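Take a look at the structures below.
The same chain A turns up in both complexes below, where it pairs with chain B and then with chain C.
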Partner chain A sequence: MARRSSRKRPIRWHIGVFLAPATVIYTAVMILPLLGTLHLALFREVDREQVFVGLDNFSTLLGDPRWSASFWNAFRNNIWFFVIHMLVQNPVGILLAAVLSSPRLRLRTFYRTAIFVPTILSFVIVGFTWKLILSPLWGIAPYFLDFVGLKSLFAPWLGKEQYALTTLSLISVWQFVGIPMMLIYAALLSIPDGVLEAAEIDGITGMSQFWRIKLPLILPSIGIISILTFIGNFNAFDLVYTSQGAMAAPNFSTDILGTFLYRTFFGFQLQLGDPHMGAAIASMMFLIILSGVCFYLVAVQRRLVRYQF
Partner chain B sequence: MHKARSSKIRTVAAHAILIAYTAIALFPVVLIVVNSFKTRQAIFRSPLSLPDSETFSLIGYQTVFAQGNFAHYFQSSLIVTMASLFLVLLFGAMAAFALAEYRFRANALMGLYLAIGIMIPIRLGTVAILEMMVASRLVNTLAALVLVYTAQGLPLAIFILSEFMKQVSDDLKNAGRIDGFSEYTIFFRLVLPLVRPAMATVAVFTMIPIWNDLWFPLILAPAEATKTITLGAQVFIGQFVTNWNAVLSTLSLAVVPVLVLYLIFSRQLIRGITSGAVK
Partner chain C sequence: MGSLKLENVCMSFGRVNVLDDIDLEVQDGEFVIFVGPSGCGKSTLLRIIAGLEDPTSGCVRIDGDDVTLTPPAERGVAMVFQSYALYPHLTVRGNMGIGLKQAGLPQDEIREHVAEASRMLSLDEYLDRRPAELSGGQRQRVAIGRAIVRKPKLFLFDEPLSNLDAALRVHTRLEIARLHRELKATIIYVTHDQVEAMTLGDRIVVLNEGRIEQIGTPMELYRNPVNLFVAGFVGSPQMNFIDAARVGYPDADKIGIRPEHISVDPGKGDWEGTVVHAEHLGPDTMLYLQSDQAGLVTVRLFGEQYFKTGQTLYMTPQPERLFRFDAKGAVLGRVPEAA
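Right after this comes the complex of A and B.
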């Protein structure tokens, strides 16, 4: 389209009209509160008045032994939560997508629809359902272990400090594996047939075709999935809250930044809620997510080679 | 001959993997729904069998309907989801059209500004959002939730829709301009009908997280009158931990509406994902 000269034209009000509603709501309910949170984190309530304290809340969070122990505990757990997703969810998603995209597969739509079902369920359903299945009271999990002769391995996984977080991460993986599957599936479908035919003529088929031809072509999608997983994981809250409660039982072993923020902001048991410390934690999460995204944009995305056909 | 056999093996292996994973994905859901129709004894004695004439029971559902306010929760969820969805689609499409159609200064900047929200979750602004809602007396109203979800849904909607709107033919729009249509008529009468499939995709992407959200209903609208079904189920199950019939029935009731919506829209959803919007 030729560039139209905009100088002689009257003001195009309609552009403003089209943009205004979205921009106003987005700015008022999203951007300003996000800035407000950063702002709130710099104040503290002293004698019912807000006093500017600079970065004091942050030094309390990271320096005070009680606060910093909880913070680092939640941070470490969150990293482990993310690591499990990267190690289990994404490889399984890629495997399923690769199988699903094999040519002339029957029942493709059925499999695709079925595997995506957990992703549409709410955390409340997912959390309680798995809590019931893993409960020693009901005995579904031990029954299945018995089936393969491993009944002795059963433990109330969600109730044991050393297993609870990993178990929760795997439940979350079960829920969200549909997303990497779909995105990778889409990426695999977009590889032109010509490329694959050329590979076949060169004798590259099956597994080696996947590793040498398809995988390099879908790397950008894997990058996007990784960063989406990162954002989602460091923002997670619901699953832990519904299955383990705000106290992240047992003994805070499943505490992640989201539940830590919730407890700090609203208080728990005898401790009163503290909006300023809550805002400080939210700001830290903001920083963590932002640095993750920046790292991805600067260090990862630029190195990914995109092939155009 | 050799080739045919190896491809047969590969097909069998592919089906084996997919069937195994489908079982893993569906088993928990089926287990919950099947057991919600059984007597308490049968739930524990033979959790894996289907209900028969002896073990069939609706006691769980009776408890839920007698004590829970589920019809009301369901209504709240429906109002919030539909209202937010309508606003996200309308305002999102308008903004996407402005970004895709017109060249103006700050176009790229606006696009970038509106895309920040894709990366930074709105949840981190909760502290300030709650203060704002308290100040404007919107706490415990569905309007508060609608506002938050609209803001939450807009960035991705604008991003996806503007990609699609760039593909609408210029000739068509210019023909409209020659016929004397206003820019608004061109948008509502010519462009919107053409991007309907993209709108459906965005609708599904927007709808699922709103319907399933626990965080904002818990914080902004926990009152009985405004509880959504997700929050209602959470609270209700918390009270009835030991009443397995009621818990299983509640879970089933919470699953079914989403599942039905998903089955209706799944084709749209998958077409949307695979059509290149996210590549």
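Right after this comes the complex of A and C.
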């Protein structure tokens, strides 16, 4: 017995010590606020007292005609926002990466940097700049269109209900296209030269080389980009807020879940802030993103194979 | 069909001359080896033949047609890479068939070609696997299969065995030799391993610093190297080079004698030396002797022979196997009789 106990493994303190900083920080800034939000969503303030109401806030959000109209409007807009990113940002990012990885391109570093710069700009700058560019009064867009004789095409894109959300999505695409570009560019560079040379010898060149060889090999990166885009889009707020204001002008046509949450939680103009309903919206956003990510992990990522070269 | 002709091929990267005026003719069905130390330009030359690099000047002809500016796929060449370079997302079947698919062959014809190649290389049971699920040797066979299905005029092998372990290397070497016999194909094969060069090649092209040092059959290179470089490069262990003046050949700068062409005797001989080390390989014994006259000399003896370290032995080179080199390294002709 004595021998066995002396052989007992020493307690491995270092594991706990090394894990602690990350665990503490992550718990403090992510897990606790999340639990707090979920907790807050289950209460309501009645006569200055917090009352537990179960899922009542959620049923109000989805059941009450006015709440649900706003919620579904924001949700629909958010989906459109995401669709535009998927249809424009990611294909354009892939295209740019393909062009950048072409060995014949000169000034590659310049283009790479230039395209990436908007990503590091503040939303405030981007939103405000585009608002100025597209302004019908003093913007340069109508002027430039006039310059090439296309002024008839100009419309106050940010001011019309039918265009505003799409315009805003495209501004966001302009800002963030550098991220898919960089990720795909890195993935393309990681394809060994030998494989591409083998393709050259097999007669697989140009576009068919892209479709048959390169694209299958960068699919995992495209998957990652899609899920990052999804998370980013459903958490978006800043661009709408800075360029269209918290009321998501015109007439809530650019309202996405983030701005809807902001107005509800903090209140805006005549609307009083309601932390409990706000928390309910935040919880819904969390659930939407969670289910999207789960869908990706279960249905998509398991089929994507990362190839080792 | 598949002959190759290189005319005055030069290649330079910036101001560095990688290949300098290469002329070479390869007959249909020949197995030609490019051999040389690393950086000698042998891989670059192969890539020029493949069309992966364009020569700075000169002309590449395949079957008489000038293909210098023809893209790789239209040259009718197939290449096997050192890194295998398989398409990781395709199965073995897909890897072998993709070139034909791209060329627009009908499905059943592709299947037929792939089946034929996989039978030759015994890859049948792996056809539906991906490269990641194969061992190194199997991957190399797939790479060879991908070359075979295209029925090329020229097979180009770029150090195909250097990523394989020793046993597999011998095995794959035999397989490549067999393929050459069965396909009667023209093969150009780059290696830095002289055993591969000697065993596989009909002819060997020895390259050094971007120039062809000598072209010849393996035995020609062994028996009649034209200069110091070829003499030292072909044969293992390396030829002994001895300062000619010290051993009594005043008309030459250096003399060379292969380790297997020196006999030793405890009593008498030309050069006296002491044994510093002996390596027993089983079939051979390598003796390293330190000699006042000749310096450190390697001697290769047949079978198991035992000598003590420090023992004095006398070495006698076979006079008809002795080479004399001038100061530039060129062979001055054999020594007919010991001077």
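We adopt the following convention: the second predicted complex is superposed on the first by the 297 of 309 C-alpha atoms of A that agree within 3 Å, B and C clash if a C-alpha of one lies under 4 Å from a C-alpha of the other, contacts with A are read in each partner's own complex, and residues count from 1 in each chain.
In the analysis below, a residue touches a chain if its C-beta (ideal position, glycine included) is under 8 Å from a C-beta of that chain, and two chains touch if they have at least 3 such contacts.
What you see is a predicted model, and the numbers here were worked out from it, not measured in a lab.
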item: Which of chain B and chain C A:120 touches, first, second, both or neither; value: first
item: Touching partner for A:305 - first (chain B), second (chain C), both, neither; value: second
item: Chain B versus chain C as contact partner of A:46, first or second or both or neither; value: neither
item: Touched partner set for A:270, first chain B, second chain C, both or neither; value: neither
item: Which of chain B and chain C A:213 touches, first, second, both or neither; value: second
item: Which of chain B and chain C A:190 touches, first, second, both or neither; value: first
item: Touching partner for A:200 - first (chain B), second (chain C), both, neither; value: second
item: Chain A: partner with more touched residues, chain B or chain C; value: B
item: Chain B to chain A touching residues, read off their complex; value: 10-11, 14-15, 17-18, 21-22, 24-26, 28-29, 31-32, 43-44, 47-48, 87, 90-92, 94-95, 97-99, 102-104, 110, 114, 116-117, 119-129, 131-132, 147-148, 150-152, 154-155, 158, 170, 182-184, 187, 208, 211-215, 219, 230, 233-234, 237, 244, 247-248, 251, 254-255, 258-259, 262-263, 266, 270, 273-276, 278-279
item: Touching residues (chain side chain A, partner chain C) in the complex; value: 192, 194-195, 197-205, 208, 212-213, 216-217, 305, 307-309
item: In the complex with chain A, residue positions of chain C that touch it; value: 50-52, 71-74, 77-79, 81-89, 98-99, 102-103, 132, 146, 150
item: Touching residues on chain A, where the partner in the complex is chain B; value: 1, 3-4, 6, 12, 14-15, 17-19, 21-23, 25-26, 28-37, 39-40, 92, 95-96, 99-100, 102, 104-105, 107, 110-125, 128-130, 132-133, 138-140, 143, 174, 177-178, 182-183, 185-187, 189-190, 206, 220-221, 224, 231, 235, 237-238, 241-242, 258, 265-266, 275, 278-279, 282-283, 285-286, 289-290, 293
